[in-house]
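Given below, in the form of C-alpha cells, are the structures.
Okay, so chain A shows up in both of these, paired with chain B first and chain C after.
Entry: the complex of A and B
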C-alpha cells in the first residue's frame, strides 16, 4: 500500500514538549517552521525547528565522492546505496494537540508515542489551527536554537494559509509582545522575517 | 594486570627491524620471479606440473601466465549482489548450546533504474539437529563449531546469494559477490572425516552453487569471490617448476630435495614471494592476469563442475585475487563481466567492492550485540523457568574482585 503523501515519517524520540521524527525519504523533511501533526492517542501539533541529515551509522562518516561527477545528483545516482545509509530527521516543538478533531492550545496529556506517524498539515488544517495565535506561546518560549528564525518561518507559512495574512500578522505581533515583554526589537525582527 | 604494552613495544620494534633487513632479499627474489615469469613457457610448465609430486600447491595453467587483460567495457546498467556473514559461536559457558549466523544481503542496481536494498537475516541454531553435522548413512556426527561453523556460514551466505539472484532483474548483467574464498579451506586436510565434507559440501554448499549455475543459464549472471590482500603463493609455486629453478624433469620434492632444508632448495630462489607481489609488478591498474585452476585437494575431490579458477586483478589500491567457478571461467562474457564489474565496484568503494563492504556492514555483530544476545538467551530461559547458570570461570571473568 502506498504511503499517504502527507505522511512524512515517524516519531523516534519523544518528550512532552517536543520530538524527533525520522523522514521516510531522504531530504524530504517539512520546511523550517512548518506545522505537523502526529498520530497517537493525543495527536500533537508541532512546529519544525531543526532538520538534520547524517549517516545512519554514527561510526561511518560520509566521505567526498563527487570528484569525477558532473553534478551532485550524479553522486547519488552512481552510488544508489547512499539513500539507504543516510537519513533525514527533524525536530519539532509541540504547540498544542487535538481532541476529537478540535484544536487545544496546550500540551497534550502525554507525548506522541515512538513510531507515531507524522503528517504534514494542509492549508485548511494550518488555517484552522493557527487562527488562534495562542499556539505561539509554547513556540516562542521554547528556547530552541535560532528561535526568531523559527517563529518567523512559522508565521510566514501560517499567514499564507490565512484569508487575511496582514491582519493575522498584526494579531501575531500583539501576541508576541505579550509573550516577550520588553523585547520589542526582537518581535520586530520576527515580523520582518515573516513578511520577507 | 593487563597486557604490559611497554614490554611488547620493544619486541615489536625488534620484529620491524628484522623485517626491514629482509627487504633487499625479498626484492631480489621478486626480481628473480619476474624474470622467470617473463621467460616461462606455460605449456611446458603445465606438462611438468602434471608429472610432478610437489609438496606445495601448484595451480593448473591454461594461458600464458604473463598475459595481461585490460578492463573490458562496463555495461550501461548492472546489478551487484553481495552477501557476507558473521556469527556468534557456541559458547560453552552459556547455559544453552546455540550459535547464531547473521547474513548481510545487498542488492545495488546501477544505470537506468538505480536503487539499493540492504538488510540482514539472523538465524539461530539451537536444536540438536542443527548443532551437528551427521553422517548420511551412519551414526557418526560432529558438532558445528570452529572451522565447521565457518563452513556452515559459507553455506548460508551462498544460499542467500542464490535467493538474491533469483529475485534480481534477469535482463540486467549481474555479479553475485562473496567476500573471501569460494574454497571451503576449513574442510581441507585430515582434521575432519569424509562424511563431514560430504554433508557440508555435497549436500549443502554445492547445491547452492548449482542453483546459481542454473540461474546463469538463462540470464547474464556471474558468481565471483573477492580475496583482499591475498597471501597465496600458488602462481609463484608454478614458477618453481621452471627449469631455471628445478632442473628435474618431473619435480618430486620428497624424493629429490628431502635432505635440503627449506631455503636451501634450488627452487627457493623465488620462495617468500607472494602472488600479489608478482602480479602487482606486472599488472597496470584495471588489468587482470590469466586464469589459474585451483589444485586444492578439496576442489579437485568435490567441486566437479564448479571447479574453482582464479585470477589476480589490479583494482587500483591493491592486487586482489578473484575466484570464479568453472562455468564462469569457461564463458568469456561472464569472465569479462566479473572483471569489469569488480573494477567498477572497487572504484566506487574507494578500493574495495562497495557491495561486499555494505554486506559486511549489514552482517556485523558487535561486542555489544554479543552481550545483548547472551542476556536475551538468559532472559528467555528464565521466563521458561529453565535453569540459568554459567561456568565459574566465566563468572570469575565477569565479576572482578580483589
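Entry: the complex of A and C
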C-alpha cells in the first residue's frame, strides 16, 4: 500500500520525452490526459496518453476464466492471484519540469530515473502548471496516437482546475492554432472534445 | 488599455506593406473588427520614432483555405472565439502620414512620413493627446472646424495658411457644404486673416440660412453685425425677409462686356459663333453702347446688322433673343458708374466683410454668373493695380481677399476657365492677395489645372466616381482617400486635406445653429453686451 494517496506508481521505462509507469494497483491508472509529476532530481510533469493492462509475463497472454462465473467481478474474486499476475501500466509524455517548486515549460535536463515515484497532481498544482498554456507545445507536437483525444482530455481536466474555464480554453485554443499552423480542423476537433 | 505613451487601445502589429500602399496591420484577436472604422487615426510605435497614420481599408483574411468552403462549428463558443482572430482574422491597411521624431514624438512636431515602421511594430488607436499634438490647439491663427470621429479633440485649420491659396468645399447637395462654408467664413472673419466677399446665391450666409433638419440658422451678419455688410440685388425681397441691405447693387448695360457673354454661353445656350458675335458688336458700337443698342434693334435691323458686321444672321438673332432675357433683371439699368464696385472695395478696405445677396434672382443662374463675374473682374483689376503700385511695401498692399463662389464649375469649366477672372485668380494664387473659396457639388466639372491649384480641399460625401476622382487627383494616397471619401456619412462629416492641415482627416463638422455654438463662435446677445458694458462702467467708475 502506498504511503501517499496521490502516489500512483513508479517509472519503469524512461526517455527524455516520456516514460512508462507501473501502477501500484490493477486498473488504477490516472485518467487519459491527466497531469502527473515524477520524483527524481528533476521532477518531470507529464500528461498520460496511453494506458495498458496485460499479464506480467508479456510472452504469456491471460486465458479466459469466467465460463462458470455469474459476473465479471466474480472472476477476480474467485481468482485472487490475478492481481499479482496482471499489471496496469501507463505512458506519459513529458511537458515540463519543476525547479525548486517553480514550473519550467521545457524538458528536464535528464529524464526521471527508473523507480522514480509518480504522483497525481492535485487541482491547485494543475491550475498552477497549466495557467501557462506553453505546456501544450510538447504535447501537441509529440505525435502520440490519438493525439486529438489526448489533448482534448488534458484540456478538459485542466479547464476544470482553472478559475475561468472558458477563458482558459480560448487561450489554449489560440496557442494550439499557433502550434499547429494550417490544421484548423484538428484544433477544432480538440476544442470540441474539450468542451463536450 | 493605454500604453506608456498615453496612446489608445492596442489594435495589433505591423506585418507588411509599403510606404506607397500603406502598411498592413494584423488585428489582435482581442480587438473587434466592427469597432474599426475607415478614417480612424492610429499611432504606430517604431523603435526610434512614432508614426501617425489613418485606416484606409479593413479586410477579412483567413490562414486556412478550408474555412471558406466549410466554416468551423461557430455554435461552440470556444471554437468561435479561438477561430476569430487566429485562423480567421482581420487586417487593417494603415497609411503612415506623419512621423514624430523621438520616443515621445514631441521633439520637432510632426513631419511627413518618409519611411514605414518595422515589422511587428505595435499599433494603437490614436488618443486625444496624439490627435491634439498633430492638429494643434485653437489659437489666433488656428480655427476649430470639427472633431475627429469618436473623439472630443478639436481639429483646427491653420487659417493664415488657408487664405494664402484658393480652396474648395465640395460635396453632394444636402451634405453640409453650406454649413461648412458658413463656418469657414466665420473663421476667416474671426481670425482676421482676410476679408470675405461672398456671392451668396441662395441667401444663406449673410442673414438667415437654412440648415437641413435644424430650421433657420443665423448668418454671419447676425453674428457679427458690425463686421459684415450685406449688398443686395433685390431690395424688395430682402425687405420681405426682414433684412435691410446695407447697399443695393446696380449693374449698367454699359458695364457688360463680350467676355461676360462668353462666360454665360453655356447657361444661355449660345453657340460659339453667337457668343463671338458680341465681340463684333462691341467693335461696331463701342463698349459703352453695344448691348443697349443691340437689344433695341428689331428683326429687319438685325438682318442688316448681320450683313454689316459679317455674322451669321441666325446666330445674331439667337444672341439677340437670349440676351433679351437680361431685360427681366431689374438690377440692370441703362447706365451705371462704378459705384457698386467702389462701395464694395471701401468696405473691404475697412476690413468689413461683404455678402452679395441675389434675392429673387437666386434661381437665375445667369444673373448670378453675370454679377459675380462682373464684380470680381473689376475688384480683381483694382487689386492687381494696387498690389503693383505697392511695389512690395506690405503696408500699402490691399488686405487679403477671399471670394466665395457657389456653383463654381460654371465659372471654372475647362472650356472657359482659361478666360474668366475666376480661372486667373485660382491659378495665380496669392500673388495679388485675392483667393477663391470654391463651393461646388460637381467638382468634375472644374478644370483640372484649377483643381490642382486648390490649397485645401474640404469634401463632404461625394459618390459620383468622376467627382471623387477630380477631388483626389494628384494627391498622394489618392486611392486611399477615395475610399474614405465615398464612405463619409451624408451629414456633418467632411474629409479635409491640403495645406492647412498636417494630414488628411475626417471630421465631424462642428455644430452650428444652436445658441451654444453661436456663443462659442463669439456671438453675444445684446443683453449680454449691455451687462458687460455696465460691469465695465462699474469697474471704471466704481459702482455701488
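What we mean here is this: the second predicted complex is superposed on the first by the 194 of 196 C-alpha atoms of A that agree within 3 Å, B and C clash if a C-alpha of one lies under 4 Å from a C-alpha of the other, contacts with A are read in each partner's own complex, and residues count from 1 in each chain.
Here is the rule we go by: contacts are C-beta pairs under 8 Å (C-beta built on N, C-alpha and C of every residue); 3 or more make two chains touch, one makes a residue touch a chain.
This one's a predicted model, so the numbers in the text were calculated from it and none came from an experiment.
Participant: Assess the superposed three-chain arrangement around chain A: do chain B and chain C clash, or do they fit?
Facilitator: Here the two partners, once superposed via chain A, fit next to each other without clashing.
Participant: Check the residue A:84 against both partner chains and state whether it touches chain B (first), chain C (second), both, or neither.
Facilitator: first
Participant: Of chain B and chain C, which one touches more of chain A's residues?
Facilitator: For chain A, the partner with the higher number of touched residues is C.
Participant: A:195 contacts which: chain B (first), chain C (second), both, neither?
Facilitator: Only chain C; A:195 stays clear of chain B.
Participant: I'd like to know which partner A:182 touches here: chain B for first, chain C for second, both or neither.
Facilitator: Only chain C is touched by A:182; chain B is not.
Participant: Contact-wise, after the overlay, does A:157 reach chain B, chain C, both or neither (first, second, both, neither)?
Facilitator: A:157 contacts neither chain B nor chain C.
Participant: Rounded to a multiple of 10, tell me what angle the C-alpha centres of chain B and chain C make at the one for chain A, in degrees.
Facilitator: 170
Participant: Given the touch rule stated above, what does A:173 touch, chain B (first), chain C (second), both, or neither?
Facilitator: A:173 contacts chain C only, not chain B.
Participant: Which value in Å is the smallest Cα separation between chain B and chain C when the structures are fitted on chain A?
Facilitator: The answer is 49 Å, the least C-alpha separation in the overlay.
Participant: Of all residues in chain C, which touch chain A in the complex?
Facilitator: Residues 29, 63-64, 66-67, 72-73, 76-79, 81-83, 85-87.
Participant: In the complex of these two chains, what residues of chain A are touching chain B?
Facilitator: Checking each residue of chain A against chain B gives 57, 60, 63, 77-85.
Participant: Quick one: in the complex, what on chain A touches chain C?
Facilitator: 166, 169-170, 173-174, 176-178, 181-182, 184-185, 187-188, 191-192, 194-195
Participant: Along chain B, where are the residues that touch chain A in the complex?
Facilitator: Contact set of chain B toward chain A: 106, 108-110, 114-118, 348, 350, 354, 358, 361.
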